[in-house]
Amino acid sequence: MSGNTLGQSFTVTTFGESHGPALGAVVDGCPPGLALSAADIQPDLERRRTGTSKFTSQRQEPDAVKLLSGVFEGRTTGAPIALLVENTDQRSRDYDKIKDRFRPGHADYAYQQKYGFRDYRGGGRSSARVTVATVAAGAIARKYLRETLGLAVTGWLSRMGPIDLQAVDPSAAGSNPFFCPDPSRVKELEDYLWQLRRDGDSIGARVTAVASNVPAGLGEPMFDRIDADLAHALMGINAAKAVEIGDGVEVARQRGSDHRDELTPAGFRSNHDGGTLGGITSGQDVVVHVTFKPTSSIQVPGLTVDVTGQPVEIVTTGRHDPCVGLRAVPIVEAMMLIVLMDHHLRHRAQCADVVSPTPDITQQR
Amino acid sequence: MSGNTLGQSFTVTTFGESHGPALGAVVDGCPPGLALSAADIQPDLERRRTGTSKFTSQRQEPDAVKLLSGVFEGRTTGAPIALLVENTDQRSRDYDKIKDRFRPGHADYAYQQKYGFRDYRGGGRSSARVTVATVAAGAIARKYLRETLGLAVTGWLSRMGPIDLQAVDPSAAGSNPFFCPDPSRVKELEDYLWQLRRDGDSIGARVTAVASNVPAGLGEPMFDRIDADLAHALMGINAAKAVEIGDGVEVARQRGSDHRDELTPAGFRSNHDGGTLGGITSGQDVVVHVTFKPTSSIQVPGLTVDVTGQPVEIVTTGRHDPCVGLRAVPIVEAMMLIVLMDHHLRHRAQCADVVSPTPDITQQR
Amino acid sequence: MSGNTLGQSFTVTTFGESHGPALGAVVDGCPPGLALSAADIQPDLERRRTGTSKFTSQRQEPDAVKLLSGVFEGRTTGAPIALLVENTDQRSRDYDKIKDRFRPGHADYAYQQKYGFRDYRGGGRSSARVTVATVAAGAIARKYLRETLGLAVTGWLSRMGPIDLQAVDPSAAGSNPFFCPDPSRVKELEDYLWQLRRDGDSIGARVTAVASNVPAGLGEPMFDRIDADLAHALMGINAAKAVEIGDGVEVARQRGSDHRDELTPAGFRSNHDGGTLGGITSGQDVVVHVTFKPTSSIQVPGLTVDVTGQPVEIVTTGRHDPCVGLRAVPIVEAMMLIVLMDHHLRHRAQCADVVSPTPDITQQR
Amino acid sequence: MSGNTLGQSFTVTTFGESHGPALGAVVDGCPPGLALSAADIQPDLERRRTGTSKFTSQRQEPDAVKLLSGVFEGRTTGAPIALLVENTDQRSRDYDKIKDRFRPGHADYAYQQKYGFRDYRGGGRSSARVTVATVAAGAIARKYLRETLGLAVTGWLSRMGPIDLQAVDPSAAGSNPFFCPDPSRVKELEDYLWQLRRDGDSIGARVTAVASNVPAGLGEPMFDRIDADLAHALMGINAAKAVEIGDGVEVARQRGSDHRDELTPAGFRSNHDGGTLGGITSGQDVVVHVTFKPTSSIQVPGLTVDVTGQPVEIVTTGRHDPCVGLRAVPIVEAMMLIVLMDHHLRHRAQCADVVSPTPDITQQR
């Protein structure tokens, strides 16, 4: 595969650029018989959409998804499902000024060296705009997993620069533009972002997501552990620089006697491991954290080189997010859903006949 | 693929269990004409080997690798290279006591629920013993990349519990049993581990690795970014709970004006991004960090359930590492080498014809 | 992968049904810098198009292809290329009468048992209509291979029922509706088809295709031999029942002393093997034959069962080809081009450094 | 994947050369809980073994298979199963005379041009010897499919040069060295082969194999049709030049009214399609034919070139089969079993939940 396909049994192949005519995905391997229409996908696209608050890019895209195939009389047929979202608000003229120079921290220079030239309009294929296709595909996985397993994935902003946020009320993350899980701190985030905007600067962030009602047994040793495949998918999101499972980087400080999650007939006594053991789901909640770097498209002037290698100054204008992490929550959820869906199908390929003599101590289902 | 194969153009398929007759790997896609013998692989296996210090498992395995195929008259032929390492010091009787119960923090319970039963001897396929095959495969990638690109990968212990280590002298990491890059602090590590041993406990750790002389252009957008594939490989190592690229989790605290690596004709001015931009190598050093949890095989008694779901107590004896991170350095290096090798081949499949008009500012080669 | 993707380094993922809104393909891994527009693809679609003679389905589709991504300023960027062809002449009402019964010889019953229900309009995903996407993708491979290697693929009708056709003038195949390579026999084919039409019946056919200027060395032992991958692609065409390489089924009658293609400094003395040796291209022309069954959509009444398993009679009306082989030539060519393109890229992934000491005896380039 | 792996959910990766120390396979994705030992595999290896009659190569290999992993207490664990067969009767000195020249009809020249040099001992990786690994892997699929589905695959010699053989008694194929399904004609085959041997020549052959008790629904449209994947696997066998499904090349002569297999509540009325419809199994027997070319290793002198491109004469001595098709039956069966096994697992990944409202008219199970 050539890099634009995710998954093995449930595969998502995406295409499209920031300023091309359209973006989309082909979802292959979806079980037949799932009730599906654009209305099932649109809510996830809404959550990802720009232009909905002052703190995201002001690009206005309706992001209306069309289903071109794979659905008949309202149900999936088992054939590949093609999803299409048209671009309508491309302002490519904004990008003439970066046509011949490389934005620091962006993919520009790396793409130039890899391909010999690049689609400079809005970053082309490297733009966060392309995640619209992934989110659309994730919505299909979300519906299937919810309806067949009761599985749910919920994400929120857990850190933005100096501000750490506790999951006081994860369900509240959907009702504010920052995906903040603590309603009492929304004002603090807003103030911080206004100051950042005045500085013409940007900030990093961390997103946390939890999958509940995950059956035990998903994940394939040796290399395709569930945590390895989650890491692959999540590190593949634009601007991601770290992926943690469960307690993540904190485990370097932990002792075995503190870390290990003891088992009892009533379930595990803790969840430091974040729902995976040996790369296989344990039936506990699967917990991930993804850290995103600050966007490099800022008003602070910086040094760079042009396409001939000469030094030049750069100031990025255009429509950019001061904190890309703010919009990453639906993308993290989508990636997680796609990986869990793929592994649900992969698991039953090999192990459909298995009956374990051991009771499920997580008793979640 | 069913989980035991890594890579697409350069593929590594491993097999074997902790207490089976042998472990091994089939390496497919290796370019022909590479001079190769067991002597090229053995040094990496030595670095990974147990029983070489008081602070690793006392299991004594010679880990002598045999090449069963793919080499003729001392050179790789282009056919798959089969590597075999026999197990000689299996003491399976040690494991009778965990036969019917699940060790907390281990894969036992998850394997049981996935497969319906498990090879309980030393953890079977979930044992760190199986990484011997990965390390052997990585040695082939190491040789090819060094000889054709001058590429080198070096790793070290950067954290163990409360102790943070600076890379004062990375080359020193090879000459002490802790892979400590700061010779002045070896004694401190040793003291800490003695105390841990007296406590019958274990501790987490972080490993850092750097690849130098990496050509710009490796990595495939969208999903198979180089950082995504590194995350996949590294999170696939036993006990890994976090993977970071460049500044990793620290970027959540950084501003764009601090984070972005400015470009000049003489090279980048910093390397916060750890050598990747938009998922493609930039020509800078690729920097990764992997955090490992403390092993759960400790002498401190703990709670668990048995195969019928009844509560029981467990005390793990047997031969275990108090800090699995200590032995992870060669494994992290191997995984990184395999991923870089695979992407070097994948890159030239698509882009062998490309000539960029832009000079290589990293001037490393 | 879930069945709708072909290739590994150059991958083609298709979607769409006979009577859905659109069909298309995502082509991933195309080398960057190739000049490409819809005008490069349209001619191949024209050759495949229905409604252009009295002897193919009378469905009228303009088959105008749109490029949705992967091309910037007239050149491929290295990003996935999405191709879209809209359906405009769906007459789904034709299919109400087969809604509840299975056409013999068609995929209907097999799809029903696999997926539990089926898109019965025009055969849904199993329709030959979907090959429009494959042909569009093949046109990209054709352009790249022609421009970089001088490689060309040409196909023709070599058999239709009782009529065997010699390749008197393969270039003439493009100028008659039967892809007949012998202009003197076009009338005979026409007469035969008129009689068939009067009988309300259909007939089988064989297509031959030849790739010239194929470099030696393409194909991967063991399983991904070039002939194996050609067989996979060609047997994957609707209605294909046999794939032959070189002399094909005739080799069962041949002696080794007759069959073997002797080598001389001026080239091979014959080409019984059809351009492959040990699954690797030899530099000779690659020769394939594909045999297609007669379409089962005929006016002759037949027996079948309905969706409840009850016996019923069936007469297929609607717009059908009396000989599907007539339209298969562009599809065979496209499949062959995609496989050769994929293996060209795969070969250079592993063997880009190879220089053989042996001169190329085929001297074709 | 790099060419030496077959399958997606049930994958077989093979390694080894004709004259290396060992050959083997890694079988990944096998369902857990299958009772398995070397004794289950050995009978298939015996059927494939050389040196058992005067009409196959006189190389004497015990072909004793070892299971190195994936089995615990007599059952498969779900971990990869490594199979090893040691070479014991390598007579490499036989091959010194072909070291510097290319045998016509063999892979020698193609390998040389692909890899720059070659393992000339017995053909190295291109030798039919390597199929021992495939046959061993197929034996695992055979056992699983027989025990869980009652599925059986049986093959026989259906043509050898001028001699066509009817399947008078397929079960008799196992009791004569020619896999002849008509006991009355064994003498005729023997006489023909003695004459061939006196002539120092070889002959082509065709093998037929039938899978019975195949469930309806296996196979993935679009590209991974069951017939396409069978064609891939079967054309990947050494010396294969044609693959046919059902009536194969004969369908070019057939009319739709003759070809189509009508359905009745009591089953299909014929099986011209060989058990597949639209690339999906129909529940009928799956019927394949593979045509093998005559081996090119004959005593009749021939022309060729040496590694410097100079013309030379060649006479192949050594231990060779006058008709490679004679030994191909177990290999064809193994390939078919691996493909059916893979698709059984792939099918349930996507469609485990499906219940068709239509009764299974094949009523075989």
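Order of writing sets the chain letters: A, B, C and D. Residues in each chain are counted from 1.
As a working rule, contacts are C-beta pairs under 8 Å (C-beta built on N, C-alpha and C of every residue); 3 or more make two chains touch, one makes a residue touch a chain.
Quantities reported herein were computed from a predicted structural model and do not represent experimental measurements.
Shared contacts of subunit B and subunit D, meaning chains that touch the two of them, come down to A, C.
Between B-D and the choices B-C, A-D or A-C, the pair with more than half the same contact pairs by residue number is A-C. The most distant chain from subunit A is D, comparing centres defined as mean Cα coordinates. Rounded to a whole number, the gap between the C-alpha centres of subunit A and subunit D is 45 angstrom. Between subunit A and subunit C the centroid-to-centroid distance comes to 38 Å (mean Cα coordinates, whole Å). In this assembly, the C-alpha centroid of subunit A lies 25 Å from the C-alpha centroid of subunit B. Along subunit C, residues 1-5, 8-9, 14, 29, 32-33, 78-79, 114-117, 125, 221, 346, 350-351, 354 each make contact with two or more other chains. Residues of subunit D that touch subunit A in their complex: 8-9, 29-33, 78-79, 148, 221, 345-346, 348-354.
Remark: subunit D residues 1-5, 8-11, 13-17, 20-24, 26, 28-29, 32-33, 66, 68-70, 72, 75, 77-82, 84, 114-119, 121, 124-125 touch subunit B in the complex.
Listing the residues of subunit D that touch subunit C in their complex gives 1-6, 8, 14, 102, 104-117, 123, 125-126, 130, 159-162, 196, 201-206, 216-225, 227-236, 238, 240-249, 251-257, 259-265, 269, 272-274, 276-283, 291-298, 300, 302-305, 307-311, 325, 346-347, 350-351, 354-361.
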